[in-house]
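The data blocks that follow each hold one structure.
Two complexes are shown next, each including chain A; its partner changes from chain B in the first to chain C in the second.
For the complex of A and B:
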């Protein structure tokens, strides 16, 4: 399969400047156009192992990220993200362009991909045991996710679980993992050989940088899997590692809160989430050291049906 | 590229021959026109779903699922409204999307809209507003200027929002602004409302429902959904035209309701855009009131640009200007200039200062 790593930086720029670069990201084909060198080099770094397709294919999202044609191109430069000509956000500083692209793609998926039940969570898998790790910002979900991936877990997503409505299968969409503030240094030190993209300073979420998903995860980005566990991670300084069972009813309530389109899917959404809870082991995980957290995750056994 | 939405609407079979690239354009054009979920139903009714490639089909299904839940929410809203109206000696008359849904009309599937619209007699407004307050609908937060504007010059109360469900409700007492040059009588509309089976819910009579949809399209400034609205009108007419006498009835009713000009334009563009066999604008209007040839040429240019060029992939030169002209026209039709200009100036400065 043709991957982005086989393209030179000039070719990537030409595509982005012209009819677009067709990125195959899990179930989504994304056509990206941009005249910004930061986007070209960012894609080359973070999406190197991803397949691409030519612009005559079908694309789920047509996105553009560029500076406006106003004075804001030079004076305190800003960038706009747009999907098929529509701009869902206010313009953001130009040096956040790569982060804006990632947020924009998340927005596209969350707003359009109602063929899936979408839960705000990280998803990882090892030895056929897939875990959904929901968590509000600050719970340490992305950091734990990056550390698990560093230890050979397969990345499905660090941002949202995509669950096929008919089959209940988790669909991988391994995109760059978003790290914030101290997490960037923590993962840099923890994960030897991690490919970390440029930092965006002073965003709404503080400093943000993205880690490229490992080749192994990208190669298997079309391999779906049933979920085995729902684990609510919580980083707590100085705390010993503890895994506690969480009742099915509590888990369901919390999943409803983390689900982007539970309301939009109505009954289908409710049944889908109930199925996840029925099928999975449900736990909370409190940890302070990444290694202990990972060890605890590796002790989770497959529930009987998986 | 051409407007594939119009192509697929006129002949759904033709869509099965689309290339993947054409499907890509079609999905984007339909999404922009708010028609993606409707096309799921159109293809389903023609037994064509199995012939659609999986990628575009996924988009149609996703939109359909979402619209389906939306319809459930609106039906719930209608049920709550009907409970509130049970306690009044007033009929609950639904307008637009909510009416199509309650009456299960073919164009109701796949519609996603924000507000539920109802029509009440002006004399009953206070009573209705109070009753709605008791049932949890309250006026949404607006400025004192906007409040005064609504109460004095508008055809509806300031929008209401339900405290718990956050749903929006527009209570109309007319179907166009009282300051507009057209003057369709609410009394005439209310005198011919039709009760839906096994409920205390009413809709306008078929002719009136169609004319309301027409006046909404041709006198409204929001041309973003012009294509969707024109398709609505076409679907309504085809649904009610079982005895082929509907166009004649529309002409008579338009005369009674002072809506001949909008009907003329609707028939003209239904014919020009969809090649609708029933549409003959020549029958719709007295020769005296017909727009003159220059005006017709201009309107053709504006409407057809706005309707057929709704997405960047099928936009023609001057489409932005056409939409702007129609926006100005709509405002002009709504209010005489001596009222409109101060209002627009106020709004412009208000936006600036925010």
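For the complex of A and C:
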């Protein structure tokens, strides 16, 4: 399969400006159009290892990110994200374009991929042990996720767990890892060889940058896996690393709260999340040093089903 | 409400997931979620299996907890059942 890295930036721009660039991201085919050079260079940097598809293929999402054809194109320029011809968000500053693309793709999946249970969490896997790491913003979920991936864990997702409802299998969707504020420098110093995209300053979330997923994770983006652990990470400055068991019922309550489509799926969603809790070890992880957090994650043993 | 001539059952919209002495209940019609304490789990777990009268519930719970103060247990059970009924978790059937 041909990858984005085999395309020149001119070719990428031509596709984006023309019939679109087809990106194969885990279970989703995405057709992207844009006239913005920042999108072309961002895709070349962050999606280099991803397969691309012909623009005549079937696509789950047709997305466009562009400046409006009005005076706003020149005065405090903004960008619109649109999916299937609709604009779900207000326009955002043009220099946030790459971040807007990532947020927009997250929105597309969270709002449309209801064939999966979707939990707001990072997901990583090593030696067949897949861990779901739910966490609200500020919990250190993405930083820990990036550090784990730097240490050879396979990235399933930095943003959401996709779980097949029938089989309970986790479905990889290893898109770029979103880092915010101090985490950007922390991971830059921690992960030798990390490919980090341009920073978007002054977003609602502060400064944002994305890390490209490693080629090994992208090559295995169709390899599903049963979850083995649910770990709720929490960064706490100066805290020693602690891993504590969390009751199954507490875990289920927190997973329901983190699930994007639990209400929509009704009983099916509740049963699916209950199955996840049944088969997983459930823990909280408090850490301040990344190496200690990673060491604690490496100690998690496989539950009986794995 | 005449408790002696009534039976109680779990509402059909309710799913209960139990681990040991604790449980989570999901009411699919409202999407409400409840984290149950041990006493509530004990009651709903029994109603999840079958429809029971107030007296049958008292017997089952008394034998589970080995309670001496029966009057207090009856009152606690009545209070809980009323809460469950208000929350649409339990239905009452009058014979």
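Here, the second predicted complex is superposed on the first by the 306 of 306 C-alpha atoms of A that agree within 3 Å, B and C clash if a C-alpha of one lies under 4 Å from a C-alpha of the other, contacts with A are read in each partner's own complex, and residues count from 1 in each chain.
The working rule: a residue touches a chain if its C-beta (ideal position, glycine included) is under 8 Å from a C-beta of that chain, and two chains touch if they have at least 3 such contacts.
From a predicted model like this one, the values you see are computed outputs, not experimental measurements.
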item: Partner chain in contact with A:57 - chain B first, chain C second, else both or neither; value: first
item: First, second, both or neither for A:115, with chain B first and chain C second; value: first
item: First (chain B), second (chain C), both or neither touched by A:256; value: second
item: Partner chain(s) touched by A:190 [first = chain B, second = chain C, both, neither]; value: neither
item: Which of chain B and chain C A:107 touches, first, second, both or neither; value: neither
item: Touching partner for A:266 - first (chain B), second (chain C), both, neither; value: both
item: Touching both chain B and chain C, residues of chain A; value: 263, 266
item: Residue numbers on chain B that touch chain A, as the complex places them; value: 20-21, 23-24, 27-28, 31-32, 53, 55-56, 58-59, 61-63, 65-66, 68-69, 72, 311-312
item: In the complex with chain A, residue positions of chain C that touch it; value: 15, 17, 19, 22-24, 26, 28, 31, 33, 35-36
item: In the complex with chain C, residue positions of chain A that touch it; value: 247-250, 252-253, 256, 262-263, 266-267, 270-271, 274, 277
item: List of chain A residues in touch with chain B within their complex; value: 29, 56-60, 62, 84-85, 112-115, 165, 261, 263-266, 268
